[in-house]
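The following blocks contain the structures, represented as structure tokens.
Two complexes, one shared chain (chain A), two partners (chain B, chain C).
On to the complex of A and B.
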């Protein structure tokens, strides 16, 4: 079954909070907030984030798609997964 | 092989109290379990603890010349018989058959220019009371350590390990945030820095001259020249002959020599050559792991059988790693980012218990002959510019040994490796490792972050301090230079080498780190080191003559040890939770308890799978242990209680009275 947009949003928030936000206990993350610019996710963390999307939603991420536009915020990731799922 | 220590005042002043020297000797007695010696001249005192390898009945230190100069010396000069013969031909006579006396005579006769003649691994201090000059020297690659503190009154306190400096009571251990930040970027501190404020170390190939209260000269007597003028690639026969000679020299000892056998190419080659160069059955020692993903036992046994060595395997469990970590940190004197030194510590203990005190290993081959994955990443990064598809395919092959961990990795991982740094950044080869490691810094406490300052301080300083010759090197040569200078000595030869072996009084010897072998490798054509993804080509060809084809052709598998499970499994020792408690974290002041608690939550629930978090955990935990052992715990240092084997006392009675 294809997950709903709200499910993807909740799952990605949970993943980011669990994996990265514990290092930034004062941060209240908004869905449109830039994860890299705010220093919440570093370059190696970004790799983990992309791998999580790839594995969890069984989408085949292309090289050219690994951009901040697609993975830079919760909103961006949700939109990307939606697009990939058609 | 020994431990050395001393205190020298700017002027004759009061005597150096003997009790102070005995405490320093006691702190490094593990480096020299066979006994110790002591010397005092007006306003100066030295101790040496000895691990007897040459001239067992003689060869005790400190060594005194007829003019009253004193040498304390830790290490081996392997070509001492040849140097001795030359000196004897010129009329010198010797009291011992030990290499220490040869070094002393050479220093007296030729000064520091004699260092070029020494083939070995050593750290020494040479005291000339007349000019009140102390000359300290460290070997080319920094196999043997030497630390010093310069006090505000000009007194210099020196020792093989920082703990002996603290045992003097003249220096109080305090963390150096900049040194710590270097460790959490590059895995080890960059000389002259250490993890301790106010404690410096000589760099590899360095000389420091102190005179009457101040350092008057500090320079490198040897630096790794990776861009030689002579670019004619040397022959395979020359490598065969040089490496055999290096092994032959490193088998010289008046005690039996064994080898470490990892199952990989380098240690297998050294072991095979050592067996050919000796007339007794060689004893080989290997680490095995109860967790199969780290275990190389099958390869080790294959090599041991092919060579015919008397083989010994020590299987390490996660529980042993956790239990031994505090002892290891006591010896490394530095936090760690990996647990890999712990099994090496346990293996050295086993070696010593087996009656072996000298071990030859394959250390250095990966730096000289471009064996690490890091070198392949440089090649692939350059290939990626013209053929990104092939570069990505080759990268997947490169990390095949990681198994399921590699299979999970997709295009983002490839891009992380292939696009890290810009091609004009001289550190681009090392940014992948540095950035992975730097994830640790997210856990710094606010006060530590403030002391270190903004930006990538460790990398910025490294970049800014690169010699112009290095900045202009080709990308592979520069990567090799960086590997030699930022990882080999600061981490591999120190935390994972000298410290964990000498903790049990075991001396490591490294045939690849013979400067002649280094010179050969520097001249060798690049494709004989790394040909696309085939590493150490010249060594493989040599190995194919002395080892079974399966071993000579085997790909590199980095040495790793379990990181999280030992500390969070069912058998985790109690001290782990105590060290990671909020109270202890606040007390140590280096890490932010709120951030660390999130990491611990993930560790406890088994959700830590990334290298980033593994390294963060080991960094936090080992720093806590280190901080408690050296900084927050007040320690009473045990003075050496046995009778010294050598006692030289030229101190004046009036000065003695003044010091008490």
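On to the complex of A and C.
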């Protein structure tokens, strides 16, 4: 079953909140906000994020796809997963 | 032609190769001429603030053009720079500024508030955050430093967790830069990709050496998006890739990496921590045309040893021999030199050996020992090594319990002290657990006072508020009791073993 866009969005938000945002209790993260420049996710965090996307949605993330355009914000990740799942 | 100081290198290059690209940042390219003018302009500003030869100026900046301007601006006005990790927290910074007796602090707009607060409590130290400007500075009469003057104070974690400021003269720094330039055969055609923070001396030297030889440095804010790194290697025709094991392990884990070829990549260097043998083999296979240099160093002497790349397949666990122009040997506890096969402490001799720790005569006396001449001092590394039959160095272990995570030193005691600040924490022990990406992961174990409820998330948050990012434990385990050895001390070895068997 292919998850709906809204499901991916909710799941990714939950993952980011559980794994990264609890360190920043005062931050209200918008879906289009840049995870890196806001200092919420660091380089290793993105490795975890990529692994989560690969595991949860069974998509093969190619090395050159690990970019800000595809993983920089919740919006970016949702769009990327949708695109990969076609 | 290299100058006597790094500031002279930049002036000379700006005269002879004004339009050559010195730096490429995500914002675009910057020429030698541009870097030179901006550095002079900052030097003017610092001079007006009263900064003079020998004064210390701290910089709290992420990688970028501003950081390069800051380093060369401070040097040009004759002062010494102190690069601070840009994720430092307020109280730590205030302590550091006080210890350094800083005359000024340079930061960016994002860090202005934090730096202002720290600078205020450290004695109203002036803060600068406007670095790039349009007007060219007048040629001012800065008092040029001598080679024996202080050039930098670089803070590193001591085993007690107190940051120690390693003091380096211009001569210390240009000497070691030239030694590394010699064995890497760096030249003006090189294009080096720097993903490492300039606040970390391995990253800092990428900039200093690149400018010294007139090369181009592609300076990234970090290593967040591996896809970008792969693209840069090709698009920017990168010839040199310095990294720590975390960088290489992340790259090697990517899907599709082996489909690319990187014909321009001439060399790869590893330092900060040892690469596992499997990673050495994987790098050789993925980047067959690149020479791989396995290196060892510490801030106290910058770079100490390197393995000639033609030996890497035969000796993937060695760090080779002393860098050019220096000597190393291994000693037992009584100071007797040891031969091949025996394990002892690595000792280092050469013009790269630090002058001591800033404001810390006791710490300095502990690490610097009398040398061959009345004026000479050698540094003991606190690291245990052994020599093989060809007299190549092999790292054995550290003497203290300092953790190496992402190539940087983390003192368990510093984190334990923070954890013990939390109401309800009875005991805390922080250990390093082998980790594929990090080298060692910082893992904390705490026991609580009876009847207290504290979750690991809250404790991690406390650490994140007080410590630089790389020191924040990846995991915190809450126990009812911490294991003890027969002396009643916390049994760290048991905690490491337990974590290793728990690992997924």
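Methods note: the second predicted complex is superposed on the first by the 86 of 86 C-alpha atoms of A that agree within 3 Å, B and C clash if a C-alpha of one lies under 4 Å from a C-alpha of the other, contacts with A are read in each partner's own complex, and residues count from 1 in each chain.
Criterion: a residue touches a chain if its C-beta (ideal position, glycine included) is under 8 Å from a C-beta of that chain, and two chains touch if they have at least 3 such contacts.
For clarity, every value in this text was computed on a predicted model and none was experimentally measured.
Chemist: Looking at A:55 after the superposition, I want to know if it touches chain B, chain C, both of them or none. Which is it: first, second, both, neither?
Modeler: Only chain B; A:55 stays clear of chain C.
Chemist: Touching A:70 in the superposition: chain B (first), chain C (second), both, neither?
Modeler: Once the two structures are laid over each other on A, A:70 reaches chain C alone.
Chemist: Quick check for you: in the superposed arrangement, does A:36 touch first (chain B), second (chain C), both or neither?
Modeler: second
Chemist: First (chain B), second (chain C), both or neither: which does A:7 touch?
Modeler: neither
Chemist: Just which bits of chain A does chain B share with chain C as contact spots?
Modeler: Shared contact residues on chain A: 22-25, 42-44, 46-47, 61-63, 66.
Chemist: Show me the residue ranges of chain C that touch chain A in the complex, using the header's touch definition.
Modeler: Residue positions touching the partner: 87, 222-228, 230-231, 246, 250-251, 253-257, 260, 406, 437-438, 457, 460-461, 464, 469, 472.
Chemist: Flag every residue of chain A that touches chain B in the complex, lowest number first.
Modeler: Where chain A meets chain B, its residues are 18-19, 21-25, 42-51, 54-55, 61-63, 66.
Chemist: Can you tell me which positions in chain A touch chain C when the two form their complex?
Modeler: Interface residues on the chain A side: 22-25, 36, 39, 41-44, 46-47, 60-68, 70-72.
Chemist: Along chain B, where are the residues that touch chain A in the complex?
Modeler: 388, 392, 408-416, 420, 435-436, 438-439, 442-443, 594-595, 597-599, 601-602, 607, 610-612
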